[in-house]
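Below are the structure tokens for one structure; questions will follow.
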Amino acid sequence: SGKESPVSANESIASHFALVTAYEDIKKRLKETEKENAVLRRRVRALEERIQRTDREEEKNVVG
Amino acid sequence: SGKESPVSANESIASHFALVTAYEDIKKRLKETEKENAVLRRRVRALEERIQRTDREEEKNVVG
Amino acid sequence: VVSSPNSTVQASSFAHVIFQNVAKMYLPNAPLECHYTLTPYIKPHSKDWVGIFKVGWSTARDYYTFLWSPVPDNYVEGTSVNRVLIFQGYYLPNDDGEFYQFCYVSHLGEIRGASTPFQFRAASPTDDLLM
Amino acid sequence: VVSSPNSTVQASSFAHVIFQNVAKMYLPNAPLECHYTLTPYIKPHSKDWVGIFKVGWSTARDYYTFLWSPVPDNYVEGTSVNRVLIFQGYYLPNDDGEFYQFCYVSHLGEIRGASTPFQFRAASPTDDLLM
């Protein structure tokens, strides 16, 4: 950001190309990570529900 | 990708600036999502261990 | 085709318009509010416009859709002004998994501001991206 | 400063060198293998080099570190050649949370290839990024 030296059109196109390459990959990774995240959230919810059910059953056993 | 018309230096710099803005934000989101992911993985592991413990205890109760 | 080499002066001008409260997701086919601030560094013109661009665009002609940015009523030069434009759902991209961004383009075709990216995503009960 | 406007010819030349098997993470302070393919479209020169750049770099002078890319022994023009360079750990970035990429730069300073991005991250037992 401190660099204010003029950059040639060709260099500017080259750095843009390189950034596009990087951006496309980071975008892909973000989408993959978001998908994994959704899967993990569902898994957490399912496990939590299972534990709640078990807890309720145990309570019944103790009370009954 | 089909567009092969020459782009001026200024336009090239402008589109680069816009891409940098987008890239920086997507990068930030990837990092945040990866962190969430790590938290979720730990949560899944903790819940799974808890369920395994409960299952073992129940088995003992049944057997004992 | 090649323009003057004053890229450093140009560079700072890319942030003369600041987009505010840009969401990560918008509903397709629903009106989209675009909030932005004209900083004192820009002199608005009635033929300035705000475009929605797919991230990675090459030229100002690559816009997906656009709206004119009217000069504010009672505009005083050198002041900061908040503006809102509403894109109608009909003209917006579908839920296509792509990232888009707003850009403010002057009547001379210069980019004066670019937003963070957003997607168009249909609401889904299985989507809960909040922790 | 402004170069000739043959940007379309130039554009395709950015993929004349293809980086292979680029990881998402590398250990800092450990030797880093960089694999790449010289396609038949590039005529390698002994003063060509491969640099590690922080993503978002502006000019070829912004490299973090670099190695010369020697012309392969028995090189036959117009053929495809796989190459490996090994960056020594001492010269690599630390675990700084930034993204870097390899770029192949010709002896004339032209970018002829760019890799996908990677980070330097110290190994940690709590890190399990695999599902």
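All chains are identified by letter, namely A, B, C and D, in their written order; residue positions are counted from 1 within each chain.
Please note the rule applied: a residue touches a chain if its C-beta (ideal position, glycine included) is under 8 Å from a C-beta of that chain, and two chains touch if they have at least 3 such contacts.
Only a predicted model underlies this, so the values are computations on that prediction, with no experimental measurement involved.
K.L.:
Can you give me the shortest step count from chain A to chain B, moving only between touching chains?
P.N.:
The fewest steps needed to get from chain A to chain B is 1.
K.L.:
If you tally contacting C-beta pairs, which pair wins, B-D or A-D?
P.N.:
Between B-D and A-D, the larger count of C-beta pairs in contact belongs to A-D.
K.L.:
Return the distance between the CA-based centres of chain B and chain D, expressed in whole Å.
P.N.:
The mean C-alpha positions of chain B and chain D differ by 26 Å.
K.L.:
Could you please state the distance in Å, as a whole number, between where the Cα atoms of chain B are centred and where those of chain C are centred?
P.N.:
27
K.L.:
On a C-alpha centroid basis, what's the spacing between chain C and chain D, in Å?
P.N.:
Here the centre of chain D sits 34 Å away from the centre of chain C.
K.L.:
If a residue has to touch 2 or more other chains to count, which residues of chain D qualify?
P.N.:
1-3, 5, 7, 55-56, 99
K.L.:
Mark out which residues of chain B touch at least two other chains, giving numbers and ranges.
P.N.:
6-9, 12-13, 15, 19-20, 22-23, 26-27, 29, 34, 36-37, 41
K.L.:
Which residues of chain A touch chain C in their complex?
P.N.:
4-7, 9, 12, 20, 23-24, 27, 31, 34, 37-38, 41-42
K.L.:
Report the residues of chain D in contact with chain A in the complex, numbered from low to high.
P.N.:
Interface residues on chain D, with respect to chain A: 1-5, 7, 10-11, 14, 24, 53, 55-60, 62, 99, 101, 103, 109-111, 114-117, 131.
K.L.:
State the interface residues of chain A toward chain D in the complex, per the touch definition above.
P.N.:
Within the complex, chain A contacts chain D at residues 3, 5-15, 17-19, 21-22, 25-26, 29, 36, 39.
K.L.:
Spell out the residues on chain C that touch chain A in their complex, using ranges where they run on.
P.N.:
Those residues of chain C that touch chain A are 2, 5-8, 11, 55-56, 97, 99, 126-129.
K.L.:
Which chain B residues qualify as touching chain A in the complex?
P.N.:
Residues 7-9, 12-13, 15-16, 19-20, 22-23, 26-27, 29-30, 33-34, 36-37, 40-41, 43-44, 47-48, 50-51, 54.
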